[in-house]
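Look for subunit A in each of the two complexes below; its partner is subunit B in the first and subunit C in the second.
== the complex of A and B ==
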């Protein structure tokens, strides 16, 4: 048994930190905060030059990172809130295309994706189909060799700037719900697509996409007709080892910095209450990091963390929500001033954590869904 | 002992609810962001007698009625400096009849001075430990840029305040603070109830997996917890209001602290739970939960946070224990 990351991985972590210090300067952080868009072309190009776009993807002339180093890269980028969300969804879909797409689609799309030049947003959820994704009603009907798509997609974050949307649609109405679905890669420059902004509590901009009579060539289909459910499952596999603990790490660092600063000759850190609160959340952080490391370790030898992934997500996200509330109370009313206020405490990062935290228990499977999966797969309870 | 509202109080509650339905529809809340409360709202509140409803005899007459009003206003996310105008009405001419809008702050020794609703108010009441002061907003220096976490509670930051005119002594400060605690608690009860009503309606209407999400136990339990929190907080807030009016019923300071603790907890936890129950939609600006949670975060910090009042209660318990030991 060995709980350490090892010198090689620690050296890699330092390498990532140096990269981020150079390529994610405060002015870019400010832009990302103000626009609510977690993507920057220049940042992704710099990642591509390092070979860090799809770092686990074996291909010619590319240094593949092992599963642990991929995790380190991801957690370090998440810890500083680097603008990588569009890239994450892009790679998630690119993997599906690689496994299930036609040769032509692969040749058309994957090289551009791997150079960091084409971005893909997710288009699964709809206004009436969230947790219950099989309830989608956006439909594609045959029109000669093409398809005509009509419907709406919700929470298509970054769809206003991406080249494509990964589209889940209903292609058969006479089959069981999840057997009549097909996935496509939708080029966003086609006529009939309208994207509207939806603003969220964290400040992140997401979108609703309206599709009316969009004519889509069959070459954009991913996988078999009516085989969309299995393509979807391929896409969601990547969510098992999502790293939420770095958000908690960032929050605790800010509160520690606040607590270590003197106000009127007294440091908050000298107060036992402050110490107890910080210690509690530092403990939760350590547990969260270890749960994430466990899912990565399992994946490193081919096991699917079917209950461990949900357990990790549930623990870390609920810890972030409670920590943000508790530490905001500790800092007091001053903690509620935002980054846009020059007098904000710790550059508004505590206030942002408070708002941001509330989404983490919802997206990528709500806490209720995670508990249901754990009850079923870890406790062996009936559906 | 009688826990019921009397007929006058029930009539007042009905009138305020009607006022809220007419003038503060939740469907139009986005239009009330970052702007002054419309003059029709202010005239309506004055017309209902809300702004001048607290007794000017030096007692707390009207505190229970005021709690009824602020609970209803809280549930409708009422804009404007209604709370401050009401609790300072006996000290500032024109506040009670609605001709002057009064906002207020509790003085802090360090940090920037952040004044809610300053843009629409003409008078700022400053609560200091030893005295109550008034400052004309027109006399306050240039505003610093700032941003409020709650779009329905616009804030203005100032580097410094000019000297105020003293309008009350330490005794007056104590009365204003007590009313502030109890009525901010009542507002938080309304906030918690509004979050519950929003989440309940959504759980009944939203269908996933072929049935309303409110039929799933995971969602039912969240709603049941919300209900229990708001009921506890409401009982505590009305007990505090009734105790202010009639001190024979208990210790006014302790019941006010208890109300502020429970109501703050209920409003924040219910705001969070409402977001969770509305799921992805709950996280957007298009739905109501974020307004309730942001309003709860603001009110939590007015007239003492949960932590401040929990410490005050601990001090009271300690004093009781020592008294028992001495006896």
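== the complex of A and C ==
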């Protein structure tokens, strides 16, 4: 048994940190926060130059990072809130296109994606369908060789800047709900598409996309007609590898820095209660990192962490929510000072952690969905 | 990162499992409730080499790693086995690391002297609620300055009936021997305590695992309103939380054991964290075991209470999770 990442991987971690210090300066961090948009063309191009767009994707002329280094790259970028969300959704969809798309679609889209030049947002959820994705009602009906799409897509984060949206629609109404779905890659410059901003507690901007009579050529279809469910499952396979513990790591780091400074000639870190509270969340961080490392380790030799991935996501995100609540209470009234307010404690990162935490137990599968998967696959409980 | 057990470790787990399967059972645990000690099982474990395995080859042991001992302790905990394996191993390891390993160690390895570790210092000349002291011949303790060894017999020992049905006793410090003083004494004791915290965390993880498994099995067969209770989210979701925490506790225990084994700078911090987290995890999982079995889980006839009581007792002879978080903070930030 070995819990260390090894010298080679630690050297890689340093390389990533140097890259981030150069390409993710404070003014870009501020722009990302002010706009609520986790994407920056220049940053993604710099990643592409390093070969760090889709680092695990084997392709010609590309040095593939092993599973551990992919994790380290993701961990380090997550820890500093680097603007990678549009890229993550892009690669998730690109992998689906690679596995299920037509040759023409692959040739049209994948080279641009892998150069960091084309971005794709997710268009699955709707106002009346969240975790139960098969409940969607946005429909596409045949019109000669084309399709006419009508409906609404919710939480299409970055859709206002991406080139495409990965669109899940209902194409048959007389089949069981899972069997009448089809996926498309929707070019966002078509007529009939309207994108409206939706602002969230974390400051992140997301969108609602209205689709009315959008005429879509069949060449944008991904996979079989009415075969959208299996395309969707391909997309969700990537979700196991999400790294949430770095957010907790950053929060603890900021609170420790706050506690180590003198306030009214005494340090919070000398107070027994403060020490116990921070140590409790530092312990949760250890556990979160270990559960995360376990999924990466399993994937490194081809095992799918069916219950272990949900355990990792559930534990870290629930810990973030509780830690942010407890630690903002610990810091006291000063933790109310908002990020970017000149008087904010630790540049407002502690306040922001509280706002940010609330989304983590919702997106990428709510805690309730994760617990249900764990109950069935790890505890052997009936559906 | 490699989380797999070696072939030797897998073999160790299998052989301890066989031994416990043959010599320990819920009925055996219940038979030992009065004294907290299963003499037959202890004899079998002695014969297996449970004490020798924990000390270095140079002093007559097998030189097992602390991770190996964690794997053993987890199974002892899972079986709720009424045997003082963790205490004796920790005390023997402490003795073996002293500058002059006392002749006491020979007696311990020969099985002539059952030695245990007092995990808290004495107050007013008394070591209170010393684990395994109800069946021990000798206690190793640290009084703040000296590492001491105290013979135990019915003159200076008062056995205490307790929540965990553990062989706890209050021991009066009569006729003590000094083993070490100053930093040597402090270092030896703190290291032994790190190991005790880690191994107790492993035992707690084992107890949590068994209680959780038993509860999940019940939730799949017990039906209410025409459905297995485990299909209701109010039952399933707490069990999913415990499954997650148990896996996390095990990983953290193993990481702490490896850190201690390699004298890693974070070893003390990780050992305290493992104890705190495993204590909380076992507390929750054994509470669920009682609660989710419903009324029957509250009866003495049912085994759930056996896990519930031990999960609390094994940890609380040293302290609450907050005490362990304090210890972790002291290691992480320096003493306050």
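One rule holds for everything that comes next: the second predicted complex is superposed on the first by the 383 of 383 C-alpha atoms of A that agree within 3 Å, B and C clash if a C-alpha of one lies under 4 Å from a C-alpha of the other, contacts with A are read in each partner's own complex, and residues count from 1 in each chain.
Quick note on the criterion: a residue touches a chain if its C-beta (ideal position, glycine included) is under 8 Å from a C-beta of that chain, and two chains touch if they have at least 3 such contacts.
All values reported here derive from a predicted model rather than from experimental measurement.
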{"item": "Which superposed partner A:381 touches (first subunit B, second subunit C, both, neither)", "value": "second"}
{"item": "First (subunit B), second (subunit C), both or neither touched by A:315", "value": "second"}
{"item": "Which of subunit B and subunit C A:11 touches, first, second, both or neither", "value": "neither"}
{"item": "Which of subunit B and subunit C A:64 touches, first, second, both or neither", "value": "neither"}
{"item": "First (subunit B), second (subunit C), both or neither touched by A:372", "value": "both"}
{"item": "First (subunit B), second (subunit C), both or neither touched by A:343", "value": "first"}
{"item": "Common ground on subunit A, meaning residues reached by subunit C in one complex and by subunit B in the other", "value": "368, 371-372"}
{"item": "Subunit C to subunit A touching residues, read off their complex", "value": "1-6, 9, 67, 212, 216-217, 219-220, 227-228, 230-231, 233, 235-237, 239-241, 243-245, 247-249, 251-252, 254-255, 258-259, 270, 273, 276-277, 322, 325-326, 328-330, 332-333, 336"}
{"item": "Subunit C contact footprint on subunit A (complex, rising order)", "value": "1-5, 68, 269-272, 275-276, 278-280, 282-284, 286-288, 290-291, 293-294, 296-297, 307-308, 311, 314-315, 368, 370-372, 374-375, 378-383"}
{"item": "Contacting residues of subunit A [partner subunit B, same complex]", "value": "125, 128-132, 135, 154-155, 198-202, 206, 263-264, 321, 325, 328-329, 332-334, 336-338, 340-343, 351, 354-355, 358-359, 361-363, 366-368, 371-372"}
{"item": "Interfacial residue positions of subunit B with respect to subunit A in the complex", "value": "110-112, 114, 144-147, 149, 157, 207-209, 216, 218-219, 268, 272, 275-276, 279-286, 290, 293, 297-298, 301, 305-307"}
